[in-house]
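Look at the two complexes coming up: subunit A is in both, with subunit B in one and subunit C in the other.
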Partner chain A sequence: MRKTRTGWLLLAPSMIILFVVGIVPFIYVLYVGFFDWNLFSASREMNFTGVDNYRQLVFDPLFLDALWVTIRFTFFAVVSQLIIGFFLAQMLLRDFPGKSFFRTIHTIPLMIAPIAIGAIWRLLTIPGFGPVPFLLDRWFDFDFNIGTNASQAFLAIVIMDIWHWTPFVTLTMLAGLSALPVEPREAALVDGANGWQVFRYITLPQMQPVVLTVLFIRIMDGLRTVDEINMLTNGGGPGTSTRTVGIHIFRVVFPQTDYGYGSAMSLLTLYLTIVACWFLFVSLTQVRRR
Partner chain B sequence: MKKLSLLVVVIAVVLSGLSIVSAQDMGIDSAWWETAGAPYAGTVLHGVSESTPPSNYVKDVLAPMFEEMTGIRVDLETTSWDQMYDKAIKDMEAGSGIYDFVYIEQDIIYGYLANDYLVNQTQALAAAPELAAPEFSFDNFTTFIDYFKNADGDVFGIPMEAFVKIYLYRTDLFENPDIQAAFEAEYGYPLAPATTHEQYRQIAEFFTAYGEANDMELWGTTVQAASGHPSSFYEFFESIAPTFGVYNWGINMENWKATVANGGSMNSDTAKEALAWWLGNLPFAPPEATSSTWDEVAASFAAGRAAQGIVYGENAAWIATDPERSVVVGNVGVALPPLSEGVLAQAEADEGYIGYYDGGAFGLPVSSLNQEAALLWMQFVGLPQVQAEWAAAASRIVMEPTYSDPLVVAVDEATNGYFSLMKDEGYLFAGAPPFPFHPQVREVIAPFIYQAIGGEITAAEALDLAAAAADAELVNLGYGS
Partner chain C sequence: MNINTRKVLGYAFTYAVWIIVTIVTILPVYWMFVISARSRVELFNAPNLIISSFYTQNYTNIIYDRTFQSYMLNSVIVSTGNAVLVTVLALLATYALSRYDLVGKDNIFFTTLTQRMAPPAAFLLPLFLLYTQVFAFGEGRGRWDLYDTQIGLILLYCVFNLPFAIWLLKGIIDGIPYELDEAAYVDGATTSMVIRRIILPLAAPGLAVTLILSWVFAWNEYLLAATLTNFEARTITTGLAEFVTVTGTNWGEMAAVATLTLIPSLIVVAFAQRYLVAGLTFGAVKN
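Then we have the complex of A and B:
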């Protein structure tokens, strides 16, 4: 009994902090989401509107657009990171000249703050001054302008995210691959399996927990990306072509000071993220079982 | 020759960083400030403002000078425009007392007053006469201070910057005889700063072609058209639309409606013509135009990449005088923006305006924990003695006598009359409309302007959608029915 009490006492500080900084704000956001509350409205009052905010969201083209941009961005970025990261991890398992140097250089983007990543890519791609549009124009006579071309701006944010986060995938995959037992692979080779068959039937199934972990972490990160895109495309432009849900929520909550609607938007996004991750998890584990 | 020597003087002042200036040099009665500040010595005042030339001058020059006299330290955080609002509003709403003074842009004051965020400085000084500096008076300011008064005439913000968004052009290009001849041969009239939108477009076309033909990094005009940033919204609604005769963003101030169907003019034919004209300037602007906010527009002009442009006046001085940041030093001309027929007459009759009279003040939040020390600081910023140096460094003027200070006269000559234009024609410009819902409505309108810049929708579609969205949001905010 005393042991239990001591355990709870030792846990208490962490639990109190978690409750204060995690649970209380969540409950507050949940509460505010049921109100119409804008500091700069005529009344300034919090008016209870039930689920009206959520009803509006379903028909809000700007929110739905932002959601679609976020889904596309996350899909292209995460899939690319997984493929490139897995390939690089396989490569780093082998010895080659300059391996240590490459691994260090490759990891540098991970250490840079997202806002600085956005600034770096903005400087690289800004029309008129950036080296990327300059060289594309000089070498290929290609007009690259992320200020006016929505597809190019979208491509730029995806490439920036791949550049930023692929090292994380590589390092995690490398750790996973390094820890795999060698016996199944050797047995398969003795049985005459080729490289693809070893990868498909031995390596990939063994790596499933690592791949799933990386996938979920990257999906969750991708869905809430704000700062680097906000910096690169000046708030999600051109138009709303790179305005992700995160940027949209930021603009609704801060400049627009629409706290009720913004809270509802945040909660709906959280709900959709959980559902998407759960669906993905169930689908992938079902496929593996079959 | 005279112009050249004046320019040298101004450049010397700018390059010196103004660090040699002391309170005594400025003729400030430091004894009074030492006595008044003594009870608060050691206090640290925290402020937040946008990172602009006037605010940076406050941070680098006025704050240390104030601390030296009073012992009160002033930490001014100069940050981006949106961060500045975000931080100030959250602090004042939560009442956390982080900031002892905040920058109040003229367009947000109505919202701050409606929310009772600010201390009534007239009453505060009347209630504490021992804090009232003898050299300070609200009456010293130009009429710009009126924007920061309530209905009773009480002041809630000390003006610290005021400037007009003007038409800048390159005098070296406009006065080049070969260019003048080529232009006249092509368009049939002499090259001069445009007075109509058609002329402005033709000049833009001409210089873009000229740059291309001569393999120069030169385009016809700047356009502040960041395709995801509110700066493009502001350029259109506050600088371009008024030159066509569309005022107050096209919102009817009597019934708070924007659509033509409801009595507004945001989607009127004139507004659509204005937006189409502005978007039509993009092919004649440097490629960075669609990523340019106010800062980048000034930088593009200073880099010599545009022959003309509508530029915030706070940048006029450094563009015209600072050789470390500008390649067009000594080659900057100023003029009124091009106008549609009848707009000038409306402005002269006080029935309209021709552009944006921008500026801001320092306000004292009710939540400040150091209100008395902050009151002293506010008055210091509003002393007549500190105004001229500040104006020369950051092209802002909030007091009438500043115009005639020799240093300001020198900058005026270096900019080919920016301050004279502001003094003589400033009344034709106007601040933002008195909307208590300014950022809220801007945020619902702006995405349509961004989409029009990106070419996703036409100018007419953008304004139809924007006006409908504004009507809906205004009802949502409780304005109009």
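Then we have the complex of A and C:
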């Protein structure tokens, strides 16, 4: 190992940038959260109000509503992605002609800008002349309108997220599945286990660390989804039915210029995410150790 | 049922599934392209997948538009600036983390990951205040702050790209044998020579992937750009969102912008597909 001074010198630029744009905002938001501060109000001063902002936050129906939407959205999207992704990964395990073609096409949504994904799905579901509402109306006489129907709008954002992120689950699961040793599975088959038993008692336990890693990453990303939902439902409409916490901060709290309250909300969101993160991470490392 | 019929049925099932998946993946993207080729009047006809006449005005209107040209240029400058900065800094940082015995380096390494995981929405407000109130110099007309500047966005995108780049490169640099460095140092090479002459050529493919993926992530970013720019430094993603207005949306032009936004992503999928998994899972899952 080399002299450590040079090492720190090499590391310094990255650490300084990450500190300034990553850690400083965090400390700053912690500080501002204890004040009543609005740059555009009559008094532009910062007034210390202690934990008032947080007290207000716990009873803020809009915030709690947004939190509930975020959790529901993440739950439905991630569970569906996990099931579909695992299934598709199984289908890619053995070789067949054209496999790499199908896999490459499947990867496309991962690299598209989330805002463009929102635009794509918006074009599909424009009430009236988008192909989805149009064909549903013509074939089944079914009225599909994400501009007015809350549960249909929620369904639309979940389906969009499944379209966007299932490839990620498929690819990671595939990488995990191909790295598994074959012997236990073969031994079980020789002993007369059927396909379901092999899957349930051998593949699934072996895959547990990979599944948890994917779950961890997907839940983190799901909780902070903003761009595509904001674009698809125009800021979380109709009403607040698809307004996640991120959209709430971006579209409602931020323009209100109530900086103290907004900071408190940002911090609480960050805190809740970290707790969720930590909880998942602990279970992840414990499973890994076993 | 003999073993051959079962095999054929298995293949048929696999193909059926993958053809459906491919159609479901392609169709929405293709539909966007179809809309971008339609005039306003044609839009209200029944949905139709065939492009009979290509209405190029959606594209020319945008490409010759001054505002849009500046958005496009900003996006290119910000993404390129950020990708280069991130790759260089990450190379130095990973070399340090890989080769030096630094106190608490595992913690440093890990802290970078938590930064990537934090919800960007929680940083909107503090960053806005920092960019407009704290990192501001001068008063009145000579006032300068980071808000609405390209350099502001370039620095900002390091929050998510730098941790990603460090995690991706760590595995690659750890894989280069330390004996090579050692031999060079014995021959009297300096640290900068070792990085340039030994690490750089050997890690070149990894560096290229880091550069490309960071570029795309910066290109795709919307939320921070929408909050921390106003006019001067707006990027193409914010331009795309601006098409949706209360008074009505020009769907054809919006689809054209979305198509243009998409092109870099498609190129990346074609070239860097193999490294995507390792990149997106921070090396937790390799393929």
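Just a few scattered comments:
Here is the rule we use: the second predicted complex is superposed on the first by the 268 of 290 C-alpha atoms of A that agree within 3 Å, B and C clash if a C-alpha of one lies under 4 Å from a C-alpha of the other, contacts with A are read in each partner's own complex, and residues count from 1 in each chain.
In this section, contacts are C-beta pairs under 8 Å (C-beta built on N, C-alpha and C of every residue); 3 or more make two chains touch, one makes a residue touch a chain.
Since we're looking at a predicted model, the values are computed, not measured.
By the touch criterion defined above, A:254 lies against subunit B and subunit C together after alignment on the C-alpha atoms of chain A. Look at A:206: by the touch rule set out above, it reaches neither subunit B nor subunit C.
In the superposed pair of complexes, A:246 makes contact with subunit C only, with no contact to subunit B.
In the superposition on chain A, contact is made by A:234 with both subunit B and subunit C. Legend: residue contacts after superposition of the two complexes on their common chain; A:80 is shown touching neither subunit B nor subunit C. After overlaying the two complexes on the shared chain, residue contacts for A:148 are found with subunit B alone; subunit C is out of touch. Using the contact criterion defined above for the overlaid structures, shared-chain residue A:25 touches subunit C, although it does not reach subunit B.
Judged by the touch definition given at the top, the superposed model places A:129 against both subunit B and subunit C.
The wider contact with subunit A, measured as residues touched, comes from C rather than the other of subunit B and subunit C. Residues 126, 129, 234, 254 of subunit A lie in contact with subunit B in one complex and with subunit C in the other. Subunit A meets subunit C in the complex at residues 1-4, 6-11, 13-15, 17-18, 20-22, 24-26, 28-29, 32, 88, 91, 96, 98, 102-116, 119-124, 126, 129-131, 134-135, 163, 167-168, 171-172, 174-176, 178-179, 210, 213-214, 217, 220, 223-224, 226-227, 230-231, 234, 245-247, 249-250, 253-254, 259, 262-263, 266-267, 269-270, 273-274, 277. By the touch criterion given at the top, residues 82, 85-86, 89, 93, 111, 114-115, 225-230, 282, 286-291, 293, 300, 305, 436-440, 442-444, 447, 450-451, 453-456, 476-479 of subunit B touch subunit A in their complex.
The part of subunit A that touches subunit B in the complex is made up of residues 36, 38-44, 62, 126-129, 133, 145-150, 233-243, 251-252, 254-258. Taken in their complex, subunit C has these residues touching subunit A: 11, 14-15, 17-18, 21-22, 24-26, 28-29, 31-32, 35, 43-44, 46-47, 89-90, 92-93, 95-97, 99-103, 108, 112, 114-115, 117-130, 134, 155-156, 158-159, 162-163, 166, 185, 191, 216, 219-220, 222-223, 226-227, 237, 240-241, 244, 251, 254-255, 258, 261-262, 265-266, 268-270, 273, 276-277, 280-281, 284-287.
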